[in-house]
């Protein structure tokens, strides 16, 4: 009983003392604090870690160039883990703003966490620059404190694709499959509308829950509807499972198009193996994109952290550059001053030009540049728009059995 | 017709995999009568062991399994001996606090693995990955078929072990009536330790069979825990044949649901069957066969 | 209380086979038989822990084999369990109060009633003891006290004396007799012959779920078939 | 003794009222609100799970229904989600009736798993029924909202209601009946207790309060999606964790558990970086191993202070005076 007594005294003590300590950040030298909220544990941690690394890499480069010094004060990044949970994201946002007194917030990976952080930032009147969260309504809610530069709204990933669709692919019968997440359903909605406008028939339309072992029942069903093009919005590994099982089912179409995310990542190629060949996808970014610094970022990251970054990392890297640029230009480091500076941003990053504009009901949303990419000989090549293409597209793709 | 055939085949093969994972759980639940929410995490750890064997020594996952199983057997024994058995001995209002302990164990296992391997998605490419036989317009994945056969073999071996050996009989006796078994000289503590080890080893085997087909990251365990429960209840706690039957049923039900209702609802189909069985067949699907 | 031709089958096993008997108001009725002869099953049928396969059971002029256990208890039939079922983490007093709540919604009145019953069963000194920590004798007594608190008209006692030493057995018999003084009809299932012969008015012996004989205790205990049934058990 | 307890209660109430001014920062206030939310959820669960012994792994269903009642009112009718505070608990209670009637036929782990399955079914249906629920995109509320203080007092009122109901129930016949069902269902039935009905009597307030907290959550966080509010791992299991950490079947246990869960979770998160979940997992294992009945359940002193249970009793049960 005695030891138990001490254990609970310890626990309660920890609990009471804990909160006090948690809030009081060490008072160091004067810095300009920027809060970054990312999932560093939990099932999204892989991307959270990649984005954190990219932030730090950009920060070091900027520091070397003397750009992290804002009117005599250094920029300081404070990372907080949201565990992929929205309550925690809200707590992190409140802590950063109220306890750590950050001048602005950044981060936001999952749509749900990004929404909650954005809502908190809006009600606290603190600028929030989104890195990844792509749900449409985040920048469609009229929130003047919320800015999205490096991430496109989910429904706008397909800009370049439709150009290519009209000029090259000319689909007749499209099959649409998507994960039932915010990103998946938003993309699917936009895709459906675009098909309707162009009179393209959707012959198969189904959502699935991510993490399935076996997509064959759905794919076999799809096969019967005989589509000529498949549009699929999938998370990384689901994407690999889907194309592998298409191959196993000998499901042949003229082209499989991924709706971004999963279909462009190195892990996709690694897991799907040769089934990934010729798979096409929309993308916001590829290492060999034309924007200055993109290739260097990719190589440097790979060297430094031993793995290949994807567009999530690039988003974080570019965001860090935007932050340094904005804080450098801000008249004063009040929320209002930073908001003004954000609004006036005109910067070319490795994600392309960033300019926060109001359009089509969006606010403070940079217009995304999108690409169509294709896996060719195990490499991801830009195939559209043609003026920036790194390789010529293959269309229609060979049937599974005709491949070596 | 080909669609129905394809659906059923997919379901059966998948069900075989599910069954192997669930057999581990049914053993544990049968003997300990506890809900083990760490089961999926054990599967996950098993998969990482097999993965390491593949990366480090190029060991095929079907051989790596033979390394993963003993490792997980030990891990299971340790968990049972030092954690769960300890808790069984203390007086508590709700026996369900064991469940919470397994939640804690699951968190710890997941985070330790995340520390070592990070959250990256990992997968291995064997020569047979992505290969399939096409029979009459129906595709049969090689890795799944092999996995299915191995799962069946394991189930059969386990069945022999439980019915033919003294230790196996002791396990079954403990599952049926712990106190009675103790009167008859069974060391129930030891039996529970071995059972948990065995259950963990089988979980590792199930995970290893999935490795060539699937992929791996630290949170993969959650996918399996729920499935294993459903199957355990479908089959009746503690029954190996029941688990096999339950696994196949769940696999086919999910496949049919995915084909004819929609991929998003496939898990609902499984859960509804689960509820119905729970309510109307208290001893699981096995009781249908017995009758 | 009257049972008419009750039968209970478990799968292929017939636990109670065409048994009929009637218990008169105010008497102590004994039920004996070797292990597994179906005595406890009879109790479980009366308070409907499971339904009879066929046959009917009546209490007063009500047919009770269609009711549920708690309804039967509300009608005034209480029972104890052979394997005692104390509410382990409640105190003795709280255990008995739980029974008393059947007749009252007031905590105060339930406590009063429970204290009376505890006093009656000589458990007062254990009132604040957690039921899970009682000795076997006290647990058996607690079973009776709890059942009594529901104010039954018929009390089913299942092996109340099993596992008790001679002195404790005497005490238990005293209590049973006193309960009868209160006007409660009692059916006892018992192995200890001393209890049967000491308190019962009539006894029925059963084996394999079937009646062997019914009559005054002395006659039944010495009935050759009954002796054979017990000896048969001893042989096995 | 009695007077002492009244003073303690008054002091506690005053402290609770004053807390948001002592911790006069929105961050601490957010923590306090989360503690109140989880304390109320735990107290509600404790009625059914702790006292009545029916361990539900599906309380996320009631939480989600409450949250979605508020959210759907806003989404479809444009009504203020505050109305959801009225609708949510009613919907949750109504849904709980058939659930209870069906699942209470099952005992022990079977009941737990049936509730688990039900919770998951609700999650999947709300995720896939896009035309009605907006599916995985969830419901985002865009409106100016009142400050933290109001939310704090509202949450405090909900917790107060939960504690008050629990207190009334467990001090009455209901409490005795609930505990007897937990301790031995057969014995309870033989004592004339209609067990299914009394389990339902425990479930109804439990579901009502859980739905109320769900509706409050929608108002407070202003965004819900099925994977968040119907979550097995982050709602259903965590409610149980809160109760077991604090003390099963004790009046104050869930509140203490919630304070520990939120405060330690946040402390670890803020201080330990990526190791925070690991540390939390280790802590959970330690607490369950060494304090299997929770902090309140294990500590006599605490019990007497809080009016939980007299000394000399084991393993906290009734909380009778």
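We just call them A, B, C and D in the order they show up, numbering each chain from 1.
The rule we apply is simple: a residue touches a chain if its C-beta (ideal position, glycine included) is under 8 Å from a C-beta of that chain, and two chains touch if they have at least 3 such contacts.
If you're wondering where the values come from, they're calculated on a predicted model, not measured in any experiment.
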item	value
Contacts common to chain A and chain B (chain labels)	D
Between C-D and A-D, the pair with more C-beta contacts	A-D
Farthest chain relative to chain B (centres taken as mean CA coordinates)	C
Rounded Å distance, chain A centre to chain D centre (Cα mean)	35
Centre-of-Cα separation between chain D and chain C, whole angstrom	42
Separation of chain B from chain C, taking each centre as the mean of its C-alpha atoms, in whole Å	46
Rounded Å distance between chain A and chain C, as computed from the means of their C-alpha atoms	72
Where chain A touches two or more other chains at once, by residue number	41-42, 45, 180, 207, 209
Sites on chain C at which at least two other chains make contact	89
Residue numbers of chain B (touch at least two other chains)	93, 111, 114, 262, 264, 267
Graph class of chain-chain contacts, one of line, ring, star, complete, other	other
All chain pairs that touch each other	A-B, A-D, B-D, C-D
Chain D to chain B touching residues, read off their complex	49-50, 53, 55, 102, 105-106, 108-110, 112-114, 116-118, 120-121, 124-125, 127-128, 182, 232-233, 237, 240-241, 244, 248-249, 274-275, 277-278, 280-285, 288-289, 292-293, 297, 314-317
In the complex with chain D, residue positions of chain C that touch it	47, 49, 68-71, 73-74, 78-79, 81, 85-91, 94-95, 97-99, 101-102, 105, 107, 110, 128, 130, 132-133, 146-147, 150
Residues of chain A that touch chain B when the two form their complex	41-46, 48-49, 177, 180, 206-209, 211-218, 220-221, 224, 236-237, 240-241, 244-245, 247-250, 267, 270-275, 307
Residues of chain D touching chain A in the complex	25-28, 30-31, 34, 124, 127-128, 130, 135-138, 140-142, 144-145, 221-223, 225, 227-228, 234, 256, 259-260, 263-264, 266-267, 269-271, 273-274, 276-277, 286-287, 290-291, 295, 298-299, 302
Interface residues, chain B side, partner chain D - complex	29, 33-35, 37, 83, 86-87, 90-94, 96-97, 99-101, 103-108, 110-112, 114-115, 222, 226, 229-230, 233, 262, 264-265, 267-268, 271-272, 274-275, 278-279, 282
